[in-house]
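In what follows, chain A forms one complex with chain B and a second complex with chain C.
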Partner chain A sequence: MTTVQDSTKTPSATPSKGSRFTGAVANYLDERTSISGITKELGRKIFPDHWSFMLGEVALYSFIAILLSGTFLTFFFEPTMTQVHYDGSYVPLKGIEMSAAYASSLDISFDIRGGLLMRQVHHWAALLFVAAIGLHMLRVFFNGSFRKPRELNWVIGFTLFILAMAEGFTGYSLPDDLLSGNGLRIIDGMLKGVPLAGTWISYLFFGGEFPGEVIVPRLYSLHILLLPAILVAALGLHLLLMVINKHTQYAAAGRTNENVVGVPIMPNFAAKAGGFFFVVFGVIVLIASFFTINPIWNYGPYDPSPISAGTQPDWYIGFLDGALRLVPPGLEFVLWGHTWSFNILLPMIVIGIFIVLVIIYPFIEAWITGDKREHHITERPRNAPTRTAIGAAGVTFYAVLWAAAGSDIIATHFHLTIEAVTHTLQALLILGPIIAYFVAKRICLALQKKDREIALHGYESGRMIRLPGGQYEEVHRELNDYERWRLVDYIDYKPLMVRPDARGRISPMQRVRAVFSRWFFEDRISPATRAELESGEGHH
Partner chain B sequence: MRTHSSTDARRRQAGRRHPLASIALITIGLLSTGGAYALLTTTASADAPAASQASISEGQKIFASNCATCHGMSASGTADGPSLYGVGAASVDFQMGTGRMPLAYQGPQGEQKPPQFTQEQIDAVAMYIASLAPGPGIPDQKWLNGDGNIAKGGEVFRINCAMCHNVAGAGGALTEGKFAPSLSGVEARHVYEAMVTGPQNMPVFNDTNLTPQDKADIISFLKFQQDNASPGGVDLGSLGPVSEGLFIWIFGLGAVIGVTIWITARPN
Partner chain C sequence: MAQHDGDDLTAAGTELDTLTHRHVSVGTAVAVPSGAFTNPGTPPDRIRATDLDPRKDKTAERRVGGLFLLSIAASIFAIVAYIIFPIIPGNLSSVRLNNMLLGVGISLALISIGLGSIYWAKNLMKDGEWEEHRHPTRGSEETRAAAVEVFRLGNEESGFGRRTLIRNSLIGALVVSPLPAVVMFRDLAPAADPVALLKKTVWDKNVRLMRDPSNTPIKASDVTLGSVFHVIPETLADSPDFLEEKAKAAVLLMRLKPEDLHVSPERKDWNYQGIIAYSKICTHVGCPVALAEQHTHHLLCPCHQSQFDISHEAKVIFGPAKRPLPQLPITVDAEGYLIARSDFHEPVGPSFWERS
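Now for the complex of A and B:
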């Protein structure tokens, strides 16, 4: 393992011509920009060497792929809804009346060299981008890497996730084909479902009755200007905070809350990361070269009357679509002269609450634990059983909504009735998270127990010996100190005790907090203590 | 709740097959035949193969031994199968030619399987059924060549067919376990016959609704889709964003994670 200390090489006595030139250039730049300070700071930023720490980078690199391919697409895309007759080279749409946006998307696909590849790179990279963000967030959540001082970066990261979804959705709506129009129709329905002001909001958004003639140019401005600008700004802040807060790391011998062990950016990590960028880009281009994505030529121009079976949003909007599919019927009623569409409001409210809970989770947990310390050591998920269980419940909830977006495909491909699929998923939406919560928590506790057992008594070696007295015993292989460290170095929280404050009173807030704290930390396995380890070592 | 709805469904099914209902239907059919006579003779029955008495009785024999259990000895229907008066030769050719009839089992809908009879046998049964009452005949070959207007066919397909069969003809789900099958590999003749007869859960698209030329255009569009692979590469079943999402999670992210594990692995 490379550590920080030995990364700088001592310069050779007589510099070669090349390095003298480099020195002169560096000096020239430094005297005018004082860049050496930043380079010193950044160049020695340490990256831990666990694969799960690379997921954010995957998101970053696919974002770069999106920016590059997207720039290419803007050269040829016409964001207007002016009606034209298609005269490109795709025979099944020849002469059909369509918007200029759709016609230019078809031209990009069929008549501009490399256009289809770029469109597919752009779209596949977008899917990978959001998927990598999702996985990255799960890593951060289950490792407890959102704890102080990183709560704000969690919020920024989640904002990036939302922005990425917004970018995805606006992009999905631009080609103005049947699929994108149907997606917008659902947005229109959601807007109109807002009580009292819904219809006005929809008219404002679409510039009149849906679909109108302004939505594509408006979404285009959002898609290529406003949203990317906010996204890049938030991304910059995200990375800046990452540098300021430094990376977290897994517990191991030699790793403390005060240091970071890993590879410095310069030169090792930069080389690895640069290569990794090209690998990610390569994977995207490879997929885009061989696999169709969003075959807009199949869908035809948007027209409010037709729809296609199997119309779904891209995967990251699926959970919203799934929520709409799972909502039980009969929730719409008229009251005080207004229609209250709870069939649309209920899913929106539930999803809204879910999203807010995820954003503020770091603050909730900090309040419950009352822990004001900084944490730079990554927690193994098993060592925070309640958090892991909450995460598992959240993932299950999301997954059920997500699966519901494909309910028709599930029904046809597994020869089920769509009603059975819907009803099963409705039940799972409620029961699934509860089951997942308890199962995950029990698994965590069991793993903690196993760790404790191994820390105290070593691994079972499978070798049986017979003692002189006739007793049989299995020989346990002792752990070395490095192995043991991993198993015992975690914080053992205890439920908060309710204690009177300075004025001798117990506030109701304290009581609530104690209840939550008991829920969080009641079931726990303490790590093996020094005393236990020392007495345990004599056993075998 | 469920038992209630299933008994409801049973009552509905039984109601549909009530003998009196069949008779009423036949009466209505006969009454409307007068009006529809001109249309039927010009478009449907005109080009039907000459029905010889020999092949009709051959068809009747095949019918009696294979179909009559459900459709009745006189093809007037039983509780287990509808009357075949007026369904026409097109219906027989479609149902038996795609293997849907005879049914393997009573289910939400008859499913495609290898045909159980030769084309001669099917033709004979078709002639027998057509001889009972007038109905849509076997389509003229001139509509089936796939030389119609592909763009027009695509437009008509998207408006009339895509909501069940999907824009790429990949099929889709209907209620209660029924489904619109995939159209890839279906013969032009069967596509045409399905449109005029409305088999299983499909609505009828008669000649005033979609003219024979519209149907020929649709067939040409489907033929184009079948003959030309997706310009973008492997089409992942043309199922839309669901298969794309699965693909990127399993193969895209899978490949990338494999690489992350590789580059962070320590040398042994």
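Now for the complex of A and C:
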């Protein structure tokens, strides 16, 4: 193979046979597609490099793994609930009556070479997909990368997160095993709890009474057609906006809000990102070769009567299940002749509010700060203490709900009573975010102070010297200009001052906004300045 | 790379003003520190061993090539494994072996390509950092004016704004046109009223209680103290909607000492000598309440941990459920087998709007 260096060293005057062929193909395509314009525009586009920028890539690549393995599965899976007697090679279930969906899932696992591998690749990749989206969203949140001009891409990204969970849940329900059937049973119960239309929603969704005979084919067409189509469209839009807005970058020497510093798509980024795709896919396959996921043959076909203790949904559904568990007792009432199931509605409302707050957070923050400028330098979390604290509170809230989905497992593993675990988690759901908020904010401010200290006085070197006067002092290693720039390049805000508008009035809205602005910006440490550095020089 | 003008960063709040040449609100006040640092520009490129030493360059090249060749070998290994480690029906370890060897081959093939490419990029491709300028996302004033002009012309030439009859009737037609599609979803479910279906089960007077899944009748004398039976109605097997009916009719059967039972007057004859039957379907969201605790007479739903006290007519003692599990009135027939006295006296399972 030829390395880039070799080819640049020997520019051949007469084109070789190979390059004549490439030239002819390129010419053919360009004369029909104008592709040279796109190549010129995008081929050397610069991408900044940072490990945290790869989280979104992991999500994208695991999605490709899902598409490929899922396509293979569709060739063998029978999405019907027709009752059959199992006649495959898994002995313990031989002769048992089950749906064709479950039987064909067993066949994929036990009678088709590579079928189990593809099922496990599909499932592991799906778990990774949602996890990677979640981490990517946290990265974007804590960096403030959702600020103008990327607010809309945040909304699209969050839509992708919801779609990924919907894809996960519909897929989880398809094999029609005992676990997936119990999952659908819970969905049925939740739908029925919806006021006014709930009974009918459930009835229409299941095509009659639960479980009915149509839910698997219906979920199948959602899972392989409708949801993926929306997902791919939203994903395309997400990437398109990323290209248009150009990627954000961390503050570092030479990087400003008006440039992008990194490596070009051709060849460096293409090689790294393309290589990373193969690594992600390869690691998913490796996990699928050694670790069983969703062993449906252990659960048996769906039957409304049995259930096993300690059943768990896939991880990303956990927070919804946890919310159902933590609801206070007794919240169901008969009012005006109708049943109001607040034990189901309250968790749905709380989760709904939480989700809406996350979606619209960029707009809330933009309103509070009134900041209409474009931001392309990602903020280090410590440099936006209030946002980081809000994020920490949100993460804690989600984490407690998620932990609650395993309340029974926690109780049995640590020999606690389920009541104690539930009550503790209920208290934590309220107190946890408050504690997390203040702790995170204090940590941010402490880190900002430390940055200031280091920027002005350098690192502690550990070397002690004795001065002529007998006094001991530690030598500090000064930072060079590049190192220091990382620590001081952030924007320092002051809270909004309430000022009268053109008509000399101060609107109530303006006052509210000032209160929020004060809350948001009050606690911040200003970056170190050159003047401070110079005035403090004699100190150490 | 050329150092970008670093002086604009002295006033952090004005960065984009210089970029867009127009006033942009900074909203809240941006504190501009006096005598802030200036951007020192991109640090010099790092020199790699492969840049200096041609032998190391050659070694790196061989490594990349070696990884790609390894990938080819691994792919061939996967194909061979597919053929020579087939699945032997009924042999689970053959499934495991096929899964593992095929997977290891594919995985190694993919990871080798990936590592080779990344190694190539990091060690052999031109190193360093490039700079590209950002343009404001907002279009230039001319472009925006041209876009506005497009809409103005469109409006003028079609008369969309002027001919209000056309405009309003078109909007109306577009709003109404999806309605048939909404209506067509009615037949997602059968014509029958779901509420009536939800309020009855196949339990009825004189229907025998049968073991699930063996479908054998239960003699009262078989139900010893502390035992738990998973029960289905005798008529369930004949039901065309087996799973739908079972999802409503599943019952738990237990025996307590009659003195431990707290029975309300109207349910006096619903148990038979301390043998009681309760719906197994949780009144929260419908999971089977399958875990029974012998000593405490508690039932636990494994889904969301609602607990029911069967000595007190299955009232809720913990968890999100509100209503007690419905009780099935039972007695024995002439042969001593347990039978139902009637259907449940209330709908079983999760609550629904029309329940009360």
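Everything that follows uses one rule, which is that the second predicted complex is superposed on the first by the 510 of 540 C-alpha atoms of A that agree within 3 Å, B and C clash if a C-alpha of one lies under 4 Å from a C-alpha of the other, contacts with A are read in each partner's own complex, and residues count from 1 in each chain.
We adopt the following convention: contacts are C-beta pairs under 8 Å (C-beta built on N, C-alpha and C of every residue); 3 or more make two chains touch, one makes a residue touch a chain.
All values derive from a computational prediction rather than experimental measurement.
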| request: Please indicate which partner A:Thr256 is in contact with in the superposed arrangement: first for chain B, second for chain C, both, or neither. | output: second
| task | Mind working out whether A:His85 is in touch with chain B, chain C, both or neither, as first, second, both or neither? | result | neither
| Of the two partner chains, chain B (first) and chain C (second), which one does A:Phe276 touch, if any: first, second, both, or neither? | both
| What is the contact status of A:Asp408 with respect to chain B (first) and chain C (second): first, second, both, or neither? | both
| task | Answer with first, second, both or neither: which of chain B and chain C does A:Asn298 touch in the superposed model? | result | first
| said: By the touch definition at the top of the document, which applies to A:Arg511: first (chain B), second (chain C), both, or neither? | reply: neither
| request: Applying the touch criterion given at the start, work out whether A:Glu419 contacts chain B, chain C, both or neither, answering first, second, both or neither. | output: both
| task | Check whether A:Asp371 is in contact with chain B, with chain C, with both or with neither, and answer first, second, both or neither. | result | second
| message | Quick check on the superposed pair: does A:Ser308 touch chain B, chain C, both, or neither? Answer first, second, both or neither. | response | both
| said: Does any part of chain A touch chain B in one structure and chain C in the other, and if so which residues? | reply: 1, 91, 109-110, 116, 120, 272, 275-276, 279-280, 283, 289-290, 303, 305-311, 407-408, 418-419
| query | Which of the residues in chain C end up touching chain A in this complex? | reply | 1, 3-4, 6, 8-9, 12-13, 15-16, 19, 24-43, 57, 61, 64-65, 68, 82, 86-87, 89-92, 95, 98-100, 102-104, 106-118, 120-122, 124-126, 129-134, 136-137, 185-186, 188-190, 194-195, 197-198, 212-213, 230, 232, 241, 243-244, 246-248, 250, 280-282, 284-288, 290-291, 300, 302-305, 316, 318-323, 349-356
| request: Note which residues of chain B are touching chain A in the complex, please. | output: 108, 150-151, 153-155, 158-159, 162-168, 170-177, 179-180, 221, 224-225, 230-236, 238-249, 251-253, 255-257, 259-261, 263-266
| said: Can you tell me which positions in chain A touch chain B when the two form their complex? | reply: 1, 49-55, 58, 91-96, 109-110, 116, 120, 124, 127-128, 131-132, 135, 178-179, 272, 275-276, 279-280, 283-284, 287, 289-295, 297-300, 303, 305-315, 318, 405-409, 411-412, 415-419
